[in-house]
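Structures given as structure tokens follow.
Each of the two complexes below includes subunit A, the first together with subunit B, the second together with subunit C.
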Partner chain A sequence: MPPRIRGGSCQPQLLLNFLEPLPSSSLSPSAALAIPLHRPTASSSSSSSSSSQCSRAFSTTPAPQASRLRRKFKEWCENNAPLFREPNEGGRTNYVSRILKTSDFNDVTPDQPFPNNPHFRSEKVLSERAREKIWETVMEKGMPLKAVSAQYHVDMRRVAAVVRMKQIEKRWERENKPMALPYARAIVDMLPRANLTIHEKPFESINDIHVHSYTTQQLFVPASESREFTRADAAKAFGDRILPPDAKMRIPELVEMEKEIAGGMDPHTARAGFVKRAAQSEHDFAAKQKARLQAAEARRTRVDTGRFEFRFEKFNAEDVGPTGRSRSAVGWRYGMPLMDRKRGAVKIPTSVE
Partner chain B sequence: MKQRRLLRFHGLKRPRVRQTWNKYNLFNLLRLRTPLLQNKTFFQQKWIGKSMTRGYHGEHIKEYQWERMFSRRPLSTVNMDPAYMARNDGSEQATGRGSGRLLKQRGRPGEKGTEDGSTKRTPYMQMVFAPMERRLDISVFRALFASSARQARQFVLHGAVTVNGKKMTYPGYLLNPGDMFQVDVERVMAATGKPKRGSRDQKALPTTATESAEGEEADAEGAVTEAAEGAEEAVDAAAADAAKEKHMAALKDIKQRAQKFMLVKSAHVRAKQKKSLRKLLQDVKTAMASAQKPSDPSSLSEMNEVERELTALVSQLTINSNQAKKDESARRKQEQEGSSSTTTTNSLGLLTDKQRLVLRWMMRGEAENPHDASKPYATPWKPRDWMSPFAFIPRYLEVNQRICAAVYLRHPVARAGLSEVPTPFSPQLSQLAFNWYLRRG
Partner chain C sequence: MVVKIRLARFGRTNSPFYNIVVAHARTARNNRPLEVIGTYDPIPKKDTYDNSGRLHKDIKLDMTRAKYWIGVGAQPTDTMWRLLSMVGILPPKYRPAASSTPTPSANASPQADQA
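The block that comes next holds the complex of A and B.
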């Protein structure tokens, strides 16, 4: 909200106008004529910024005073401008926890941007060096993503994202496209950073598994005392389709490696085996993906007319499901309205390829 | 879509914390307390919780739209330790009297993240507005590309945002994990940089009137030379004369240096030096103009003269102690650069080592962040006032600030002791809001 224009010091000008019409309003009235003000001095002192020009010289209505809150706010702004107006010196974070040590009867930690919410912390972001490091290990050394993720303790999806955006950045560099370099430097300076060195704490947990809502309930499953009730049994007890955590691990090769180490294998050898297996699994995945695309392409016939490319695929018009409303069904069907352009239906795309 | 009115958006009387980087908002955030709810009915409590939280989370989104997005099942994750999983198959948790042996519970997988040994709860109730964070406009704001959620929404509507390389004009597009969104670099710089008018006024305040007038003069000059630059570049491209290009590059370089001293070091440069610098700038301009003409024998000698003058001027300047820090960083940078930098510094034979370093540092800084009157924000670019208290990037986003792009990695999740939804409200208040929305879930 913009600060309201206050006419705190306009009153003498008004009086002056009343007594003697002046051609210009540049004359400072309080200096020329020592007229006592009819208002408390608090407002006139706070509104020194608007004293140079009178905004309502013709009006006889007294201007509204700054409220108590507004005065407090102004005072706060003046006191805290050195702290919060500019980013913190030395590339540290600058959250309100600098001045607020307790809120809602709870302690406020330095990495807490919102003093009332102890559960949200400003966590570290990857520094420019760290991103470069990740890009080099993936693109130049050719390490598999899983191995990079395990090495730096960075989530696999994040590794992929870093590489993806770094590729674009490199392309822009080659094309001499203008980048937001001062912005990037300033922002990264304001945030807590991780350089992915050995001495730092692990950046994030890389073995997160999703908590299925079926598994949040309490179950009573009778089992004999002699029975080995493992994680797989527990998953089966929660539901037929619930997977055990071992099957949900993002990097199952890590568990294999740990098993080998627990079995007495040399850690270095185990790690080499892990990298090999990770590379193999990624290779297999890529091959599978490629085969899928090729199969899809084989089903399709492309006819290029120069202006358009027609793509033909085989469809069975009778294959519309038991109710005739199957999602994969094609073509117009009697009694089945097309909903795609109906009023009230959401037309925002749900995905972008 | 018709927007809600913005009257008293950052009011002081009935304060609401908003998704902006405003100083009023900062003041309100500091004053924010969980209200006393003991003497309220449960309905009133829920109402208060809902109205306070909705004032922050997508206040520009209509209530029925949010109600359709709300999910009563917040997402959460558990970190499983592979070393633990390799050594145990889960049956150890049924040993003892049926809930695991009591002697050492160090290795329980779900409680691994706790360092002090106490079990931390998963703050599910802070995840009420997790579906909102999936929206494109709010993600753009969270990636620090816009100064408010409403501005981010405007970016999307005005076609400045692409998702996976395609223009997306729906602010309500729900990002899927793996989607990359990218905002126009200029828009981001304008949104997060200092505004043009305001910063000029603030700079003029502490200095004297003459100095500010000089600054304006230099600006005007800069604009003129920019125009000349544009013309010069066009001619150069046509001519493709290598020697001339070299001259032009040198002249441009000198001009930039002179401008640098005019603008940045104005506090340290004496009036006489400034005067000569201005004259020098004029000379460079005329030299550039003359060099554009096809037949010009005098350009080389003129350039040499100009360069000599500048180096003499620069050597007159003394480096004061407050630039020692700059020196250090410059030296570090030069060490990284290695041999390539020595050739350029050798061309300025008259400077001392320290001065050379400072000059290099400044030149690089200006090349990255130049003064440019044509930009809609104050140049050289600086982050806007009161921004840093709001600067954080949640973990579900991975941002590359250089290209103003970000990847939505996954949906925000809760884990032991932490929730990834940035909400300024206490868990009690969020829980009340959650209960309000459960009503029609």
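The block that comes next holds the complex of A and C.
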């Protein structure tokens, strides 16, 4: 068991300082014994009593000298500390890459927090003002999420997340719940921010589509000259279940709007049409979700026994298939291995209930 | 041979999960049954965004098959009888003792109506 060092009473450095005036030859055991280490004195009786509990009173090893590099590092830290004490004003970053360069040839950009890692870039985050703006546009003006996403060039999922978080924040304000605002402010002040003004660059791309691996192959498909070969035909050529890009993108209404503008329609009219179509598509989606929930509810019988509510869901037992092993079958299956404890399988739940 | 509607325990230690099965009475609990007509998760759960603390239990049941098997003489176990009586497939076997004697709340409600 290693010796325990209690409090500050048994610091080797202090003891070494105490020993310093003695010549080196006095480090022999007989001379060391002559030092009144353990004799209680009137002035420091409490400290000496606690030092006597130490199993090893002092070390004769000289303290390691700080290396040249370490000394220079300390010097550098002391000289440059004032630069990094406060974050920069106006949404600019204050990373160490501001003054540090890996070499004279490679420039380090200001969005690179670690000068040696050019692949780590700190991306812009939405400022408080930008998030408030998004919330107002959605909740007060009642614009559809797709239109807000297209207006500010912020991904639809991010718009939805901002609105959800803002709603919670406003509810907490009403309920007088404490919020860690100084902490949030300190973190945001250190990061590059986007205010979503007209002069800024687009925040992020909003209409990216997932590239299915089937569509990366080279195909030779004979098509007659008289027939129009569309994106939908191309998707069908790649595979039966491959969707055309128009069906895969998040805001296909934008494509329609651009087509209308290219066809000579007034941009304002085209935009109004786009907002209308976006609102309609969101309305349809909500109606579909509602219908799905209602259908699920219709399959369910609720019986309240006072203590628990028993929810009986109807299902068709004949879905098990001819062998009884269909994946859509209900319950634990017979004669099938269970993968839930298999090594190497990811067991992180995909949904939180 | 007697055909029973009963539960077959699956799941893990301390996390039971039951298949509602139709099986011959003399077969082992987890043998392959004649038919799986549902599942019963006995662990009470909360709704995701519900803060009221109400708990529910999820049961999946093929009502048509359950009625069929009852019709041809399958015998439910006591637990299954209780579950099947909740959805009205069988009459309740064990009634709560409180309902036979008039409770204070039952007495109070007619008085409230008169007043």
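Keep this in mind: the second predicted complex is superposed on the first by the 207 of 353 C-alpha atoms of A that agree within 3 Å, B and C clash if a C-alpha of one lies under 4 Å from a C-alpha of the other, contacts with A are read in each partner's own complex, and residues count from 1 in each chain.
Just so it is clear, a contact is a pair of C-beta atoms (placed from the backbone, for glycine too) under 8 Å apart; a residue touches a chain by one contact, two chains touch by 3 or more.
Everything quoted here is computed from the prediction, not taken from an experiment.
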### Message
Which partner chains sit in contact with A:Ile198 here, subunit B, subunit C, both or neither? Use first/second/both/neither.
### Response
neither
### Message
Is A:Phe229 touching anything from subunit B or subunit C once the two structures are fitted on A? First, second, both or neither.
### Response
first
### Query
In the superposed arrangement, which partner chain does A:Thr301 touch: subunit B (first), subunit C (second), both, or neither?
second
### Task
State whether A:Leu181 touches subunit B only (first), subunit C only (second), both chains, or neither.
first
### Query
Regarding the shared-chain residue A:Ala345, is it in contact with subunit B (first), subunit C (second), both, or neither?
neither
### Query
Is it subunit B or subunit C that touches the larger share of residues in subunit A?
B
### Contact residues of subunit A, present in both the subunit B and the subunit C interface
352-353
### Summary
subunit A residues touching subunit C in their complex are 301, 303, 305, 307-317, 320, 324, 329-332, 334-335, 352-353
### Task
Enumerate the contact residues on subunit A facing subunit B in the complex.
1, 67, 69-70, 73, 76-77, 84-88, 93-96, 99-100, 103-104, 113-123, 125-126, 131, 155, 157-158, 161-162, 164-166, 168-169, 172, 178-184, 186-188, 190-191, 204-205, 207-211, 213, 223, 228-234, 245-246, 249, 251, 254-259, 261-262, 348-353
## Note on the structure
subunit A partner, complex, touching residues on subunit B are 8-13, 23-24, 26-27, 29-30, 32-34, 73, 75-83, 85-87, 89-91, 94, 109, 113, 123, 126, 144, 163-164, 166, 168, 170, 172-174, 176-180, 185, 188-189, 192-193, 368-369, 380-383, 385-395, 398-405, 407, 409-410, 413-415, 417-427, 429
### Query
Can you list the subunit C residues touching subunit A in their complex?
10-11, 17, 19-20, 32-33, 35-39, 44-45, 48, 54-63, 65, 83, 86-87
